[in-house]
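Below is one structure. I have some questions about it.
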Amino acid sequence: MTGLTADFRVGRGTFHLDLGLTVPPGGTVALLGPNGAGKSTALRVLTGLLRPYEGEVRLDGTVLDGPGVHVAPERRPIGVVWQDYRLFPNLSALDNVAFGLRTRGVGKTEARERAAAWIERVGLTEHARKKPGSLSGGQAQRVALARALAPEPKLLLLDEPLAALDARTRLDVRTNLRKHLADFGGATVLVTHDPLDAMVLASDVLVLEEGRAVQRGPVAEVARHPQTDYVAQLVGLNLYRGIADTTGVRLPDGTVISAVMDHLAPHDPVEVLVAFSPSAVSVFTERPVGTPRNVFPAQITDMELHAGAVRLRLEGALDVLADVTAGAVADLDLVPGRQVWATVKATETSVYPA
Amino acid sequence: MSISTESERAGPVGGGARPPRAPRERSGIPPLLLAPAGIGLVFLIIPLVGLMVRAPWTELPDQLGREIVRDALARSMYTASMATLLSLLLGVPIAVVLAHGRFRGRGLVRALVTVPLVLPPVVGGVALFAALGRRGVIGQHVHDWTGYSLPFTTNAVIIAETFVAMPFLIIAVEGALRGADPRFTEAASTLGATRWYAFRRVTLPQVMPGIAAGAVLCWARALGEFGATVTFAGSLEGRTMVMPSAVYRELEAGHPDTAIALSLVLMVISVVVLASLREHWISPGRTR
Amino acid sequence: NDDDDALVPSGSSTPAAERRELMVFAAASLTGAFTELGKKFESDHPGVTVRFNFGSSGTLATQINEGAPADVFASASPATMTTVTDAGNGAGEAVTFVKNRLEIAVPAGNPGEVDDIEDFADDGLDIALCADTAPCGAAADKMFAAANITPKPDTREADVKAVLTKVEAGEVDAALVYHTDVLSAAAGKVEGISFEESDLAINDYLISALKDAKHADLATQFVEFIQTDAAQDVLKAAGFESPGATESASPSASPAS
Amino acid sequence: MSISTESERAGPVGGGARPPRAPRERSGIPPLLLAPAGIGLVFLIIPLVGLMVRAPWTELPDQLGREIVRDALARSMYTASMATLLSLLLGVPIAVVLAHGRFRGRGLVRALVTVPLVLPPVVGGVALFAALGRRGVIGQHVHDWTGYSLPFTTNAVIIAETFVAMPFLIIAVEGALRGADPRFTEAASTLGATRWYAFRRVTLPQVMPGIAAGAVLCWARALGEFGATVTFAGSLEGRTMVMPSAVYRELEAGHPDTAIALSLVLMVISVVVLASLREHWISPGRTR
Amino acid sequence: MTGLTADFRVGRGTFHLDLGLTVPPGGTVALLGPNGAGKSTALRVLTGLLRPYEGEVRLDGTVLDGPGVHVAPERRPIGVVWQDYRLFPNLSALDNVAFGLRTRGVGKTEARERAAAWIERVGLTEHARKKPGSLSGGQAQRVALARALAPEPKLLLLDEPLAALDARTRLDVRTNLRKHLADFGGATVLVTHDPLDAMVLASDVLVLEEGRAVQRGPVAEVARHPQTDYVAQLVGLNLYRGIADTTGVRLPDGTVISAVMDHLAPHDPVEVLVAFSPSAVSVFTERPVGTPRNVFPAQITDMELHAGAVRLRLEGALDVLADVTAGAVADLDLVPGRQVWATVKATETSVYPA
């Protein structure tokens, strides 16, 4: 059994967390949930700083926590981005990033070189010499991310790693992180409040509420059948892999999704992901003529009612999820089996290098 | 939690269903430090053991029964505590000025503050005469106007002990203040806290461990002080004699065993006092 | 055996050329006189260096009993010498080599207008005495009892130098110290007033060679040397009295020198 | 920035176009503290002034020319510095054990560590004899096997000073450690830092102000120590005599002025040394 | 002149900030900009902790900073939410909130009562006794917000006050904050990375880049004519005020916008705001038949090209902004003056109590 398997119970004051979690090697699980649900507490257990009173944590077959077993944090091959950053105040941004390399025996010069490469990857080369006290919030968070990634740990624990970033930087860093996680053979647990982060970066989601898991599974699965309104609101995404060209993204079956792609390099065709939210999908009973660049004929195969919206599953040239109001369902007489047109505006899509 | 790299281990509280296993503690101390720490402790403690071995234990009850010993002991406790109080009142403000003040010559003032530590004890007493004695810079005026003369009084003992012990408090507290995180004081000021209020409610609690450490140093030093006290205040039975002067007196009288017995009394009492000061007096309330 | 005493360069194979070191532990009040006598002894004994460890008699006794590398002990009180001999660390008989006489010490100008020992009963004056456990204090108490005077001290010090310090600083109006202390006090700061009752209590200084002496022969020679007339003259100049002397001190005030 | 409620005032750096006006500093010190700080400083400094007034300044150059004085001065500096070094090596680990260790009797150990502060100095010397003297608990075995005897050597001076001064360092550093933020050590451990590495690179820099303060206390106390040193090491000219014993000797020889002159020398040198230790030695690198 | 007027220059290391800013009483200005643009630095100047080397800061006619004048932070009637929270570690959540009341002379009991009311408003009553070290990230941020608001300052400085909150809490807190700011007579400066926060909470925006203001003005103005692509991406919102009933939001002129309103209390009609992004608006040249509940005929009055999208201004029953791709503009031959239908899905709208 490789990857991460964890199943434990732990207490903190009056708060109690009971969690089972499996992350395959190379996989990423997103932990979602409201404030105080126990997400940070769960990560703390995985770091080894908080010891569960019952249960087991295994990484690549090694027991990290279990009856009579407790591997110290410094002997766990982990990388952590803390919700409160925790950059060492006495070290420069560069030395913060080099820290985890030095502890693993990398020489000073090499550690600094590799750290500098990471600093560059998060776009902070000109701030490399600054102490954390002189960095802005977003800069500090990027340093924290570089610090966790640099030693290439087997288990990455990311606690809202993009929360402080501005929209544009977030896009860059998310893209970068996605690339890194794709190449990365280890397991990743990602805590986030942004469903898009979760959907783009994670293969599975686990939703925590009040210390208990309320739903878990592959992203597509959970998106299709969210078990609570909260989960429906949180989890929902149409995600496709294809090749980008100037007009849009060409899927393997030939379908083209129009998208805004100015931020991608214009030259060679690259493999990308394109994503949009179910609520961005409009459904028409007659073929519409308008700005939406993406108009796909499809058939309704499934319908589920959630808080304020009905989630439709459409199959056709493109399989899509669409959130529409109950009123629209009634007015248009939408029922499973009905033939419709689904439209998505190009401006509502997000494209990422795969 | 109090230890950094130590893993917390906690079971559910209140919910009695699944009792947590007894926590097995792991200390956050680098093993490399254990050897020097052990050597250091042995070095500090063996002399005390040696002293105990030589001590005339049978003599102890008799010694404690002696009026003069009980009196000196009580005076030692009283004067050392008063000196500590005075040092807190005057020394903490000085520490703040040294840590946060910006003025030319701050380094010089800090160095001057440490001079009483360096001054050979008897000379410390002479210096106090020079300032507060009947012919001292200040003392002579006080004496001329009011007829009051400070030396050879119980207050003189307190003053001498304060002079010698306060610098320890100052330096320790200044160190703590310099380590304190200024972001919280900033936040306090934007909440309308005057510098005084912010100091009381935000800075002080943060540096409490440092102040406690400084007060312990100050009290212990005052308790053991001999040279300056005996010079400035004398050692008159029933008025200014404190334990260290009683000890010295026995030594000079050719009773080293009695001197050791008295020292043991002082030592045991100070250990009891310091050990019973609850740990949480000197523990912080940190994070976020 | 103390052959390899760390203090002394270990014995060489050529004893004739050996520089020998005599270690004398002496009461602090002997500092001036003994330093001078040490030089004399050295010139009388080529190849010998006399090294002094001056300190309070109680401390010295403690050091000796703890195995200090001392050859000779000169103590300012019989009690501290007894501490050493009782522990079996003396060699031979301890002998009284000088005596010291009490004297009234007042600050320059005598601000308290003290002229007699009876003034020590005056509550209005600031008075310093030695502690009853110290030789000078024991002697003073004996003298006061015999003279039927109840002194009103403001402080009683563990040793006589502490008393003298307070006179020098002008912090007390009068004190009882030894004649030698008055003589050694800083020029112009202390005046001595001798008084008849000082005959009633005179302090003995004792000297003895020590059991663990590295150079027992030299130690014995030094003890004998101190009792020679030449040595006694030096000690007299410092204000001490010969052990045989019983006549009372000159009644005139002895100015500080 | 070093002061909490103080407003930074900064102009553009590098860009010379608009030169910033000279910053007018505002201290972060609560005004209420200025009065006690002033009184405290006067109290500490007036005796020194008194001493200077009485000092025989003309005598000073002569004194400094004396071989014995220069020798004692050099020995004082050497032994106090060695004692501080030794205290750092052994004392910092002890402070870590006291601050972060979890064991029964920790309060007792802490109290025992402070005993050398309380012990009357001469008795401290006796205790050292009891441990390390030729007849001491450990010393007698060393002497039997190797013939080495510690008392009355320069090393004995260092040991005595260490015994008396190290507790100051320990307590000050422990106070600083307890004030340190454990979140950074946690972060270090998740980055693979052993407890030792985390201590060196994360904890130590954080508590540097406290260690510096402790080292200053330790050095100054060692420099001024008299009772324990003179008892355990004696005061042999050219071998174990340090400044405080030279001062004592002059006092005994009836030269109080010379004693004051020597004390002034000691005082001035320590002030110069401490004042010239650059401020930033004891300033932290805080925030975020 | 009341409200806040600030115009200053300040340096921090090699970074230089030159800012002019006006906030009318009762108004809120959103400071937007990428990481490291100088947003936190600007707030720091307004707190009085950082003194500009040139320029002036005035609040309600009082000079706070100016030639020879510098009012200390504690004498400024301000409330600050720090990007890094800065809760006092030694005080409970409740006492943290009570702190600013105590400094203003409110008695202990009353301060605690009022603090408890604020704690309740941010939904943390059961965590009131906890020390900050035992709070989750989102809980800590809500305490920080309550602490800043409790003393009812005249100038509120909020540095990403909602960044750590989960989606649902964020909605609640944002709504709450909006209500508070509406009642509030003072000036507010809000730093945020979330354009929706900015648009909903602020009347004006100011976009900072590298220490300089690149655009400023009323939200609608800036949204209509963003001067850079970055601003266009960041600022863009259709915002309307109306009365909510079960079917949607009725605007003063009678137009009804369908919206999802399950989270609002169902009973009485309440005044609300309804918002949606320009990219959520589809434009058709023929009336479409489909799920979008909102179909409005309108005329194109203005077009501006920005990175990857053209922002259309439509006037009709409802005035709306729509972001569409350049391709769509060409294909459909969209030109100013052309009559079109604009659609917005109800699931793409956000509704807030006004």
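We just call them A, B, C, D and E in the order they show up, numbering each chain from 1.
FYI, a residue touches a chain if its C-beta (ideal position, glycine included) is under 8 Å from a C-beta of that chain, and two chains touch if they have at least 3 such contacts.
None of the values given here were measured: they were computed from a predicted structure.
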Centroid comparison with chain E (C-alpha atoms), farthest chain: C
Top-ranked pair of chains - ranking by C-beta pairs in contact: B-D
Rounded to the nearest Å, the gap separating the Cα centres of chain C and chain D is 36
So the centre of each chain is just the mean of its C-alpha atoms; given that, what is the distance between chain A and chain C in Å? 89
Centre-to-centre distance between chain E and chain D (centres being mean Cα positions), rounded to whole Å: 55
Expected list for chain E, residues touching two or more other chains, is 12-13, 48-49, 72-74, 84
Listed in rising order, chain C residues that touch 2 or more other chains are 58-59, 62, 165
Counting only residues that touch at least two other chains, what does the list for chain D look like? 5, 122, 126, 129, 136, 183-184, 186, 188-189, 194-195, 198, 206, 248, 251, 256, 284, 286-288
Sites on chain B touched by chain C in the complex: 122, 125-126, 129-130, 133-135, 149, 151-152, 230-231, 233-237, 240, 245, 248-256
Chain E partner, complex, touching residues on chain A are 12-13, 33-37, 39-40, 83-84, 127, 130, 134-139, 142, 159-160, 163-170, 193, 195, 230, 233-234, 247, 258, 260-263, 279-280, 282-286, 288-293, 307-309, 322-325, 327-329, 332, 334, 340-341, 343, 345-348
Partner chain D, residues of chain C touching it in the complex: 3-7, 28-29, 31-32, 51-55, 58-59, 62-63, 66-69, 161, 164-165, 168, 181, 183-186, 189
Mind pulling up the chain A residues that touch chain D in the complex? 47-49, 72-80, 82, 84-91, 99-100, 102-104, 131-133, 135, 140, 147, 151
Spell out the part of chain D that touches chain A in their complex, as residue ranges. 183-184, 186-195, 197-198, 201-202, 205-206, 284-288
